[in-house]
Amino acid sequence: MGLPYGGAKGGIRVEPWNLTPGENERLTRRYTSEIINLLGPDKDIPAPDMYTNEQTMAWIMDTYSINVGHTVPSVVTGKPVSIGGSFGRTEATGRGVAYCVRRAVNHYGIKGDAPSVVVQGFGNVGSVTAKLLHQAGFKVVGVSDVYGAIYNPKGLDIPRLIAYVSEMGKVQGFNGSQDLDNKALLELPCDVLVPAALGGQITNLNADKLQCKIIVEGANGPTTPEADVILHDKGVIVVPDILANAGGVTVSYFEWVQGMMHLFWTEDEVNQRLEQIMGRACDQVLELSTKSKLRPRMAALRIGVSRIAEAKRLRGLYP
Amino acid sequence: MGLPYGGAKGGIRVEPWNLTPGENERLTRRYTSEIINLLGPDKDIPAPDMYTNEQTMAWIMDTYSINVGHTVPSVVTGKPVSIGGSFGRTEATGRGVAYCVRRAVNHYGIKGDAPSVVVQGFGNVGSVTAKLLHQAGFKVVGVSDVYGAIYNPKGLDIPRLIAYVSEMGKVQGFNGSQDLDNKALLELPCDVLVPAALGGQITNLNADKLQCKIIVEGANGPTTPEADVILHDKGVIVVPDILANAGGVTVSYFEWVQGMMHLFWTEDEVNQRLEQIMGRACDQVLELSTKSKLRPRMAALRIGVSRIAEAKRLRGLYP
Amino acid sequence: MGLPYGGAKGGIRVEPWNLTPGENERLTRRYTSEIINLLGPDKDIPAPDMYTNEQTMAWIMDTYSINVGHTVPSVVTGKPVSIGGSFGRTEATGRGVAYCVRRAVNHYGIKGDAPSVVVQGFGNVGSVTAKLLHQAGFKVVGVSDVYGAIYNPKGLDIPRLIAYVSEMGKVQGFNGSQDLDNKALLELPCDVLVPAALGGQITNLNADKLQCKIIVEGANGPTTPEADVILHDKGVIVVPDILANAGGVTVSYFEWVQGMMHLFWTEDEVNQRLEQIMGRACDQVLELSTKSKLRPRMAALRIGVSRIAEAKRLRGLYP
Amino acid sequence: MGLPYGGAKGGIRVEPWNLTPGENERLTRRYTSEIINLLGPDKDIPAPDMYTNEQTMAWIMDTYSINVGHTVPSVVTGKPVSIGGSFGRTEATGRGVAYCVRRAVNHYGIKGDAPSVVVQGFGNVGSVTAKLLHQAGFKVVGVSDVYGAIYNPKGLDIPRLIAYVSEMGKVQGFNGSQDLDNKALLELPCDVLVPAALGGQITNLNADKLQCKIIVEGANGPTTPEADVILHDKGVIVVPDILANAGGVTVSYFEWVQGMMHLFWTEDEVNQRLEQIMGRACDQVLELSTKSKLRPRMAALRIGVSRIAEAKRLRGLYP
Amino acid sequence: MGLPYGGAKGGIRVEPWNLTPGENERLTRRYTSEIINLLGPDKDIPAPDMYTNEQTMAWIMDTYSINVGHTVPSVVTGKPVSIGGSFGRTEATGRGVAYCVRRAVNHYGIKGDAPSVVVQGFGNVGSVTAKLLHQAGFKVVGVSDVYGAIYNPKGLDIPRLIAYVSEMGKVQGFNGSQDLDNKALLELPCDVLVPAALGGQITNLNADKLQCKIIVEGANGPTTPEADVILHDKGVIVVPDILANAGGVTVSYFEWVQGMMHLFWTEDEVNQRLEQIMGRACDQVLELSTKSKLRPRMAALRIGVSRIAEAKRLRGLYP
Amino acid sequence: MGLPYGGAKGGIRVEPWNLTPGENERLTRRYTSEIINLLGPDKDIPAPDMYTNEQTMAWIMDTYSINVGHTVPSVVTGKPVSIGGSFGRTEATGRGVAYCVRRAVNHYGIKGDAPSVVVQGFGNVGSVTAKLLHQAGFKVVGVSDVYGAIYNPKGLDIPRLIAYVSEMGKVQGFNGSQDLDNKALLELPCDVLVPAALGGQITNLNADKLQCKIIVEGANGPTTPEADVILHDKGVIVVPDILANAGGVTVSYFEWVQGMMHLFWTEDEVNQRLEQIMGRACDQVLELSTKSKLRPRMAALRIGVSRIAEAKRLRGLYP
């Protein structure tokens, strides 16, 4: 994505579901205090992952801030908006997937004014993707959740579906749609398939049955390496997760920048900048893919690795 | 206003009118040196108030900067533009009042294309408010200064009035207007009354005689608590000072941000951002007021207090 | 230009052409280490000059960054884009010259829709200036390089010329143009002459033969002081180098700002901001020149010196 | 005392006897965190006073140390020995009083090999003073505690008395001594009287009945200003508290120095250095007193004030 | 030992014998640079261990010092004396062992004016121990090196033996002594046996054959746990390694303190302070051992652990 | 001297005799502020030289201290004792010369119990040297000042002479002594000649007339290089200034150390440490001189240079 950001993981070996909120807070503050020399807006910037959330980030930020004597919002990302988080962060991943779908459709010259889309998963990523593609004139013909899938070849009314899900807690039973199982959903004919649920959904067992032209990976690792090869041989294009679902980390980066400037953007500004960065990254990957006849996944990796190598070469090794 | 900013006051017990400029400078530098551990762009950022001005801020900024070894414009706000102050700061309070008037007129559905306005006070706040509302198509029917008031039910030509005041030093005698006393001015029939002079102008003595529909407080505390109740009972809406005259502190915040980025905005950019922030704040207050049937003053307080409470709850108390 | 930036020079007494790359790197890192207390985004920010380049800046940035423990892109400018340099820096000087030409043509009311331009030098500055003026509808009638000049009174097709030069390594021989020597080029009749090659090109020997109306200095010091007087007496306006070729330092300033915000601008954003700053500076100089009957060079100096004096007066001398 | 140390007080408005140990710890850590910018081995160094103790100092030291990331023993004095406190601190005040008695006896030429001493108070100060004077060959003829006094004109066996008090909890009833009330104790004939209990013991009511030659003030303010004058007129010498009981603050200073060097002294070394500093201070005061015919209290003040004035004059006022 | 010092280990996974000196230096500097945030006179202070030496420490100290901008001798210990190392460091471990032998002999009331000693190992530790005990009037009857042992029941002339070893490279063949093997050496009758060679010398195989009264462990771990029990049952006292060979770390601590004061002690001063600290520690351990009927090893551990526990209890757990 | 101290000079180009005290103070504070990044107890530590004095050092110390926020005595040496200067600094150079004379007399085996000394100059250096040698049993037979010299072959009563000079302002006319001119003084027969006045006193004009056995240079450069050779050929030993008059810089170093420990030494402690360091340095130089047949001046240089070279070799060159 061209963000001036590295990446690392750290954690505590604990069963968080056994902690009271008070224990969780004290544990978080103690951990923050132990690693405080490694943290800072210019050093390492934690963000939430499994079993941590906005509240955890608020505690880390508060502990760090008290320690240095003034509020430092940029020491973490994924904070609540009310203490320096970014607008648009919650929707960012789904929004990025939608931008990617649109770039891919353009790049590969999908015909017709309303390309058809199937979205697996209707959580934070899938529902936002579906909503935005619907707004953009795409025809979302199938979606699923953990309980099952629905299908309407004329396109689902996504805003109404979202209201329905919010009330009923599932997609099946939605007026004017036909119920399917999840397996069948993936094999529906469509222009674009967006697997936005779990990893490992597209495997050597079902890859040759897929009838989509393009897959845009909203989840982490939805396609196995074997399936990747099968799809490539079939001519199905796979826009890889490291590109397609990078909207979240991009807005984390925006949150960091806003905190350092102490100037907070409107949601529109966040979304425009996200589109600019996602769009540029998609275009670079797809162009390199086409030009060098690389799968998009390989093109994305080549770009990423060559940027690191270039920076390393320029900076040298010191001392 | 949603600014990432706290507030505090500090001062020196001295009679500043007895100081020579040299004494004033040395006193300011000594004071800065004594509290220097508490100052900084991330800690406490002085701004001018009574008996201090741009020059005072320049001295504080210089003393702090020499102490840390490089120029730090963001350690104060209210600096001269030539050493890092913000464009648009002088007009900011009046401009904010004008934005507020426009939002209130829209919100409360004042009829007609040229709502009528009376402005008490024609200094830095009142004259800017009048000028901007005039430009926006409002009909400014009455204004006053310390020497008296004028009235023209067809609307005053504000640009010409400003030129007249600049030459004559007062508003009365302006061509095509009728002289009034200040008391009468407040009781003129109008859509919007902007008290932009001193505190305590609208009291239990005159509140029930007011003929405006909306009051937008440009001064600090122009309405007494008793008058507030009377007006409320009469159905006159009061947009409170903590909202309406926050344009000044908002541009101080912009000055701080610009100094930290070392990127200085044009006057247009300052004004656009001010309108965005003032507009959002007005809308939030007026909507809450309408929805919860709270006076706007109470709605503003509720929003402000709940933001602090929310942040406090999220951050927790540590240690 | 109104940039919050001072200026100084430092260097190593060495013959750089005798250094191996390894020696050059070690020397650069040692030098950086020796002066490291004086460097920093808030202190002194090196940029490349003679015999130093992007690679040198990368080494300085890396040495400084390792020393403080995290990457600090803003400690230098003129870095490669891949490690935090700014888009648009390479073209910045030529682009600034072109903006200046356009402002001068407007200010002095040059008639006709396609003012004619002669550009001396077709390197990084001259070719960019020519390209942008051509795009803006100017008629570039003559250009030169170290091997000679060409002329076409109907205007040269600059994009094609650039392609030609890129292939042939020189301007002469370009289809539809007539060859000239460099001396004759300067004396061509035109609206605007842009000397963008070496210093000392317009002297008391040729000044009175010039047939242009306006000179915009793209190079450093192309006009000698004696020539300046002759041109002034003839009525030829000289837009001075300290104004006209300040595009490069302005984008260096942008690079610094982007690095401190860790938010990197697109090339369009860089160019828009450059135009805004160059335009404002040109207008101020030309207006003062006209109003106070000063040569533009003197007007530029008066503005620059008075800004320093004003800041000095406001900040005072301490201790 | 010539220590490179200032003095100030700070505290929390709370009823400490109502706090649980946990509340006390959290309150102490919060307070430390709030004033942490003002603390440090080079800034302000808390020491215990009323309702705070070694444990309180340990908490402050720990809170500060965690905050800066490494153990900083010198940020407080009065710590437990096991985490960086000084040997000899507990006995320091009594030991200093004893040194002072010996210097005064020498200075004023008290005859006989075993000068007689009366000590009011047998707590931390009085018992140590009595023990050390006994060891030094003085004859301690009377001591008291809150329950009453005892007297033996041939001298009390102080080591045995200390053992007796440790068992019985009071001085009266000690074998071979005669019981007195506290009032009578002060009026016993003796060479040196050491009031080491409460303030305000020697007043205009009993001053003229005192039969001692020298008073060495172990307590804070045992002599009222009126009594001071009466005693002076009678020829009784009063060695003032600010000199005589400065042993405690002196060993606090030693604790600070040891912590900064991270080199801890043996109890003998502490006592030798204490004697050196107390002895020099006593001699200076008594010599000035004799030479300038000032009461010792005035001589001590003159020396103290003139040291501050001298330092202030040399350093100047800046800025 | 009561030193204000913790302990930790760090290293590089490399085969140092394969490094050129230049590689070794660059590797050491890189390692220092990578962990530099964790180093410092107040944080972590490296000292040499296996495959590192004075030169390594000099490189670490230089790298750190260049990084912070001034020479910081206290960031490492074990430096060469010429750049801030301590006099007496080389002999410190052997000297500490000798002090310990003397304290143990006194404590356990060994009869006769010249207690007999056997020293296993004649390297840096053993030869210094033997030399100092010889000077103190002990009769050193046997010593060994890797090649074998020698014995003289009347006592060896240690200064002459040292000269002999320095010339011949081994102890056997020394005039007036009888050759033995190492195994026999340990079983010689003597008052004190000092195993100062390798670990694991006294095991369940030979423990019951030992004829000494006291063992003072100069090496690390010379006695196995099983042997420890056998010796205890036999009534042989074992002064444990964590006490007896702590002279080296104690002088490292002195080196740190000297560097922070920038005041360097003479060798005599180092030795006196070492004796004071070793003596106090020996006495505490032996007294506790006798009083509580604990083996000295257990007594030493109890003292060490209880000090940590006491400090931990007093400081509390924060945050 | 083996001090952990470098050396450098800095200054202001000004005629200090033209400055008022206020100008001098402001100039000193401004200078301090300009170079403040280079100063500090761990960086560069100014000390007084020509036209600066204790007061100047107090101003520098105060300016620096205010800047960092707490008193930092160790940032300068040569401060007044009342704000952290060292006892014994005034006499330090003369005292060091006297120690040197005694070491040289011992080393070269000067016979007789009262070696005879001639001292040129009776200022701060010469009079202290004379006083201390007199106390040590030397026979001071001649001294001089700017007005002339005196001679008494049986030895002058130095304490009485000091009292005489303090009253009369010159040495001549002292009871029981014979007047000489300065030239004759140098040529008196004696064991030791101490030139402690100006440089360039012993030249090729008088070197061969000198009748002393040893010259100990109290002044800077009293012997010209030509004279040095002549004296060497005659067998006169010259103890060089860089050794003999290093007492002053040594006590400056003590002042620095005391300030960093915040523990101030008594005058006796200062003098003992001075003797220890001067004595060791003298012995090393004289021993090397004798052993390697180098003039003492060359031996001193060899020791100094080899220490720097050794440290440089050990630390290496980085980066």
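Of note:
We call the chains A, B, C, D, E and F, going by the order they appear; numbering starts again at 1 in every chain.
The criterion applied here is as follows: a residue touches a chain if its C-beta (ideal position, glycine included) is under 8 Å from a C-beta of that chain, and two chains touch if they have at least 3 such contacts.
For clarity, every value in this text was computed on a predicted model and none was experimentally measured.
Chains that touch both chain B and chain D: A, C, E, F.
Between chain D and chain E, two chains of identical sequence, the interface residue sets overlap only in part, with shared numbers making up under half of the total.
Centre to centre, using the average C-alpha position, chain B and chain E are separated by 75 Å. In terms of their C-alpha centroids, the spacing between chain A and chain C amounts to 43 Å.
Annotation for chain E: residues 29, 33, 37, 63, 66, 69, 261, 318-319 touch two or more other chains.
Across the complex, chain A meets chain D through its residues 33, 36-37, 66-67, 69. Looking at the complex, you find that chain A touches chain B at residues 25, 29, 54-55, 58-59, 61-63, 66, 69-73, 80, 82-84, 261-264, 266. On chain E, the positions that touch chain D within their shared complex are 2, 4, 40, 42-43, 256-257, 260-261, 276, 307, 310-311, 314-316, 318-319. Touching chain F in their complex are the following residues of chain C: 26, 29-30, 33, 37-38, 63, 319. Residues 318-319 of chain F are the ones that touch chain A when the two sit in their complex.
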